Structure formats: C-alpha cells, structure tokens
Amino acid sequence: MKRTQLLTTADITREEVDFLINEAEKMRKKGTTNDLKGKVVATLFFEPSTRTRLSFESAAQRVGASVISVADASTTSTKKGETLADTIRVFDKLADLIVMRQSVPGATAEAAKFTNKPIINGGDGANQHPSQALLDMLTMHRECGKIDGLTIGFVGDLKFSRTTHSLLYLLCQYKVQIVFITPDALKIPSEYLDLLKKHGVPYTEEKDLEKHIPSLDVLYMTRVQQERFADPAEYAKLKGCYVLNAAMVKKGKPSLRVMHPLPRVDEITTDVDDLPQAAYFRQVENGLYMRMALLKYLMS
Amino acid sequence: MKRTQLLTTADITREEVDFLINEAEKMRKKGTTNDLKGKVVATLFFEPSTRTRLSFESAAQRVGASVISVADASTTSTKKGETLADTIRVFDKLADLIVMRQSVPGATAEAAKFTNKPIINGGDGANQHPSQALLDMLTMHRECGKIDGLTIGFVGDLKFSRTTHSLLYLLCQYKVQIVFITPDALKIPSEYLDLLKKHGVPYTEEKDLEKHIPSLDVLYMTRVQQERFADPAEYAKLKGCYVLNAAMVKKGKPSLRVMHPLPRVDEITTDVDDLPQAAYFRQVENGLYMRMALLKYLMS
Amino acid sequence: MKRTQLLTTADITREEVDFLINEAEKMRKKGTTNDLKGKVVATLFFEPSTRTRLSFESAAQRVGASVISVADASTTSTKKGETLADTIRVFDKLADLIVMRQSVPGATAEAAKFTNKPIINGGDGANQHPSQALLDMLTMHRECGKIDGLTIGFVGDLKFSRTTHSLLYLLCQYKVQIVFITPDALKIPSEYLDLLKKHGVPYTEEKDLEKHIPSLDVLYMTRVQQERFADPAEYAKLKGCYVLNAAMVKKGKPSLRVMHPLPRVDEITTDVDDLPQAAYFRQVENGLYMRMALLKYLMS
C-alpha cells in the first residue's frame, strides 16, 4: 500500500482511501503536527489555481514543512525554452515533494518520470485531480457517516468535469448507486460508464434535477457553462434546471448533503448556503486535512 | 477590550492604542517569538502592495506563524466569477487569520461578515488603513516620548489620504493640536473636522508649509499628485510649497519629527534623509513591531 | 575573512572559497539546520528568475530562516516612482538579509550602500552572479576531488556569460588551465584575459569544441543564441559545433565532467543526461548547499 506518487485516482485502492480518510480525521483532531519538519514542499502551478495552491501550502505548513512556490508559470524557465523534463529535474533537487498543476492532460504523469521525489498531481487539464477526489470521499464519509449504501447524484457538465471523473474511480470500489443528471450535450463519457459496469455499480442517466433530488444522499453540483453549447436555445432551456435553490434542497431527504468543488458562480443560489445540507464550504476544510494526510503519507 | 477584527480605526479606543503601543515595544525587545506557532496567516492582496504585504508576512513569521499569500488578485477565482463572500468563506477554512487589501472602500468590512476568523483591513481604497495608523501612533510615541501635548501638521493631499483619515480617529482621543496644510483643492473632508470638533481637538487649516514648521512637533507629509488638479497652473504654483527639504526642516524645533507613509516620490528631498528629524524609515521598522503585536492581539 | 555583503566574485579570496566549499559539504551532510532560526530572508527579484529565487528560498528555510518574497518587481512601489535606494531602505527594516536580482549591471552594489543588513547579489544583468560561481566551484571540487590541476573548457557565448565572468575571478586563484571555445563574435572580453595573465593562469582561445574535448577535465557549456549574430550564415555554420552530444562526451576522459548553469535549450542533447559525466543537475543540488552555507556565513 506504500506509494510516493499520486498522479491519478485510477490506481488508488479502497484500502488506501479508507486509510487516508482515517489519517485525515486524525489531522483534524491534531490541527498541526511536526511530521514533516525540515522538509520543503514545492508547489509548481503551471496553470494558476489560488485555491488549490494555498490549500496545499497551508496543509504543508500545518504538518511542519516549508514551502517554495511558483504561482504562475509565466515567470519560469519554460519561457526560455526549457523542457518540462529539465524543469522537474531541477525541482527534484530543490524540494522534498512536488505538487504540480498543468493545463495539459497527462503532463504531471510525464513529469513524474524525471523525479524520484514524491509528487502529487494538483490537476492536469480535464484529466485528473486526485487530491480533490480524496477530499470529496472524506467529505461524504464525514457528512453521511459512511460511503457504502449512498445514492450519489452528479449534476451539470459531466463531460469535462475532472472532479467527477477522478471521483468515480474511487466510488466504483464502494457499494453506491450513481445518478448522472446532465443535458444531452454534456453527458458523462462512456469510459466512465464502462468503469461502473465493470465494478457492478448501478447507475442511471437523467435530465431532470428536481425530480431526482428526493432519492439522493449526496448531490454533487458542477457548473454548466454556456460556451459548451452549440445551440444557445438549448442552453437557455436547460439553464434553470441546473440551478439549485433552497426550495429544491428542502424537497430532498433531511440528511441530503450538497457538494461542489468551487468556485461556484450561480449554479447554487446563496439561500442554500445556510442550510445544514450545504457541505461545500466544509469540503474546503476537509481538503486541508486530506492534504495534510497525503503529504505525510507520501513522504514517510 | 478584546477584539478579533481590525477593520477601521473608528472603533479603536485610546486604551487599546496605548495597550498596542506597549505590546509593540515588547516585540521590539524580543525580536522574535513563538506566540503564534502552528498558526497560518493569509495575506490576500486584491490590490498589490508589496510593502504592506511583506511587512505583515515578516511580522507573522517573527511571531512564529506561517504564511499563505496572494500577491495579486488576477490569479484568483474572482476571475472565474466567484463572489467576494465565497472567496472569504474559502480562506476562512484555509487560514487562522486573514489580512486583506482591497481597492473598494468598505470591501474588507463586507468580507468580514463571512468569516469568524480574525481579519485585518490592510487598506481599502481611500477609506481606511488601520495598521498604518497604529504604527504611526507607535512612531509618534517613540520619537516624541508621548502623544498628549503634541502639535501635529498634516501636509499635502488630505482629501484622499486614507493614512491621515485613519490616524485622526486615534489622535482625536489625545490632547493634541492639529494643523492641516493643503492647497484649496485637497482640503481635509469636513467629516474629519467634525470629528475633531466633537472631541474638542483644536485645529487650523493652512496653506503655507514653511510658515508653520516652527510650531510643529510632528510633520506628517503626504504626496500631492498632479492629476488631482483641474488647473495645471494651480498645481505648478503650489508644487514647490509642498516639497520638504533639509533647510526647511532645520527651521523647525530640533525635536521635530518628519513622518511619511511611503513610498515617497519627490515631496521630501533626499538631503532630509540623514537628519535625526527624518523618522520615515524608522516608521517602517515600527510597522513590523506593531503588526507583530496586532497579530498576537487578534489571535489570543 | 568576515564579510556581510556578497556582491561580486572580484573580492573573494581563495581562502574564502575553500572555507565555503567546506561549509557547503557540511550542509550536505546535515540536510537541515536551525542556524538562522528566527531570521527573515527577503528575496527581491526585480527580474524574474524562478530557479535562483527558489534555490535561495529552499536554502534559507533549510537553515531555519523564514522568507518574504517579491517574485516580480512589477508589483512593487518602483512602479509608483520610488527610488531603488528607498526600496532597499524599506527592506532593510523588514528583513535580516536581502537577496536581490536586477537586470541593470551594478544595481545591487548601488543598492547595498543603503543597507547595513547582509546582502547577496542574485545576478545583475551580464555583470555578476557570485553564488552561481561559488556553487560551480563546489561542483568542480566535488566532481573532480580538487580544483588545482584541472583543465577547464568554457564553451559558447563567453561574451555575455556572467556565469563565466564571475567564475574566472575565482578560478584565477587556483593552478588551472583554461580553454575558451567560442565563435569569433562571442569571444571572452579582453579584461578577463588580462585577469588570467595577471595571475599567471595559462589559457588558449579556440573555435573547435570536438577537437579540444580530450584535453579537458571540466567542460562548462553555455548557450549560443542566434540573435547575437549579425550574419545568419555565420550562426548556421557554427551552431552544430557547439551542440554537445553523448558521442562527443565519450571521446573525452572518463573523468570528464560536463557543467551548465541551466536552463539548457538544445546545446546539450538529452543522450548526455544519463552519462556519469553529466554534472549539470547535480550542480543544482550543490547550489542548495552552497547557498545554505552562504546565508549562514553572511549572517553569523
């Protein structure tokens, strides 16, 4: 079960997920530790993402590590014509663990070939965002007390949502039911349906959000972006159906939990924020504990 | 006297100012402490300000805290359409204290509604900059040995100077005399005169800097910007009057102290820099100790 | 031998170099120390350089210091019209040691007049980069077991290479032989030849890289940039001669070591990377240890 690279959720076992959830809950109790004292974590964001970067930097410092940071690749040697391989070989010498975000799918896995240091994929385009998937698992576990037995609805743009894609690799190892709720143009790619079939996870593909809320334990919202539609009329028609408001949430079970990877724009109205069902800001806090657990796990 | 938010000087009591001056002087003696070990301070600068940001970051680390930093809002989720409220709710989860600078007056106070964590207004447009006002009080106290009894001249653009505005809320609680020295176009807004009247603080409004120097204990310079004048001839006429040089300083009391919030451009000539009267670089150092004291005060 | 400023290699003695190599080797063994606990190092990069900045920041944290950082001068008060002298006077108050990079030759030395705090020139245009020269000395010493007796070839654009220029001031104090290999347009400036003559260091100026490889102990590659040639035909002709590949390396001594300040573009082909001769990534790691040693040396 020992690993030093976290590049994709596709190779994470249920045993590891359960272990990391448990470790993250320990971090919540401790608040801060000295586990990584004297270690230096590099956050290399070739695509800016303040939220993810600072979550890792806060987590690193809370487990006792120091941080060196590139918030924006436009200030790096890449501009001088250096290859990604060379850049990674350099950071391999400067840091004890590398967190890397890239806009190009697969770029972090490619980079990982050039370092023996622990490395985390902090998001590579529409491909994978494994630490997000793990914090989502932690959130479901904490909010619902378990993951086996849950009915989980994914809503919105499931064609391009790396959050959803990453998460399905983990969920398919649990006894869950999945409801995909999307417009026709933004359906989940068939490879993920194949994955669920292979693991015997029941799922349905739906269009109507409001109708399916009562059956859900977790409602995972993502944003539907206008620019993804060829036909503006189609967008105008569907738009309202994928905006979640307090009245809709109240039609669900009292134990329903609403999640969102953030940032949100208008796909959840603010009257949801103060309901106990709104788990999306607690999700951010869970991210801190999961990343503390991950950093310790990969480096020890 | 306990608070967790520092948004404006308007609600700071004399008792608090005296307490913080005393705490800052203790920090000067200690140099570094472990008071905030294990805590994470977020510096969120939606408007860049290297000087203020690094002063807070140096102070935070000198009291034992770690730092996560956004030097420039252009790399944040705000660009993706996230509201300020959501951004603050996220940082509320990642950090133990938030320092925020905004270009919009009132934005930090608005943001503070969405967090229970300690928060400091690091400057909101032309409105308030409370940590600057407190370091100015520390500087006057240290340089002059007291604040009661001082005659303080404010010079330059007092219409838009948030430094002056913030400071007057504190000074009006002391037995001081104020001399405002400005061109007609840049007079101090009447609400601040009303504040002084209400507290029985004597003041005069003047135009001629050189004439009033001999009466002053503290000369607080600010910059007069050409673009603030409708009539270029008016600017040309006044310009020279508001440039302070060594000869002018020497006409004042030997104990006169010259302050400036920095950066300066040309409103103080460099021949002043080496005079004992020049307190503006010591002001920067005082900022470090006051911010160390503030961070500890708000978090304990 | 005690100093607090590292502005140029021109005033560094052989005694100091040997001392710092020894200190750096101690840092390699220790990994991390608490030597600078409670100290704050400012990295002020008025010209962006991710590699050098993060090397200093990693080094500073590995000796126990904290860091405040300006990755890009475009976010500083310089834009508001502040002079470099004032900027340095401010950082003098905020930090315990300043690392500064500037695009203007001599700018760091000029800035150093305005601070009593230790200061390191992190590169000033085509002029000097003393910490790079020192890490290069460490690398030669470690890779070859000694510096006296080495024959060192410098290859490429030696007209503008501050790395080469800085290094020659140190090498001329050792019993070495130098081979300069350049196109006519990019020869080493005569002042450096005069330096070698003054110290009695034998050198030759050559054009043909391949021919001279067998005589070398160290091959220090730099990049030849097309834009430096008035005549494109001249560039086209020489280009290939200054690209080092594995076959060429294998014609040298087995103990030959290839160095490069990085980033490389295509002047060393990637088939060299896995040869034991390729020292350029180990050079990066040596940079960390040398900078740890330097920070401690200047502050204690």
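The letters A, B and C name the chains in turn, as written, and every chain counts its residues from 1.
Operating definition for what follows: a residue touches a chain if its C-beta (ideal position, glycine included) is under 8 Å from a C-beta of that chain, and two chains touch if they have at least 3 such contacts.
Just so you know, these numbers come straight off a predicted model, no measurement behind them.
Asker: How are the chains arranged in terms of who touches whom: line, ring, star, complete or other?
Answerer: Shape = complete; every chain linked to every other.
Asker: List the interface residue numbers of subunit B and of subunit C, divide the shared ones by all numbers used, and answer same when the ratio is over half, different when under half.
Answerer: Counting which numbers both chains contribute, under half are shared, so the two copies meet through different residues.
Asker: From the C-alpha centre of subunit B to that of subunit C, how far is it in Å?
Answerer: That gives a centre separation of 41 Å.
Asker: Would you please write down the residue numbers of subunit B that are in contact with two or more other chains?
Answerer: Residue numbers touching two or more other chains: 71.
Asker: Which positions of subunit B touch subunit A when the two form their complex?
Answerer: So the residues of subunit B in touch with subunit A come to 38, 40, 42, 66, 68, 70-71, 75-77, 80-82, 85-86, 89-95.
Asker: Could you please specify the touching residues of subunit B with respect to subunit C in the complex?
Answerer: Within the complex, subunit B touches subunit C at residues 31-32, 48, 50-51, 54-55, 57-58, 61-62, 71-72, 262-265, 270, 281-282, 284-285, 287-288.
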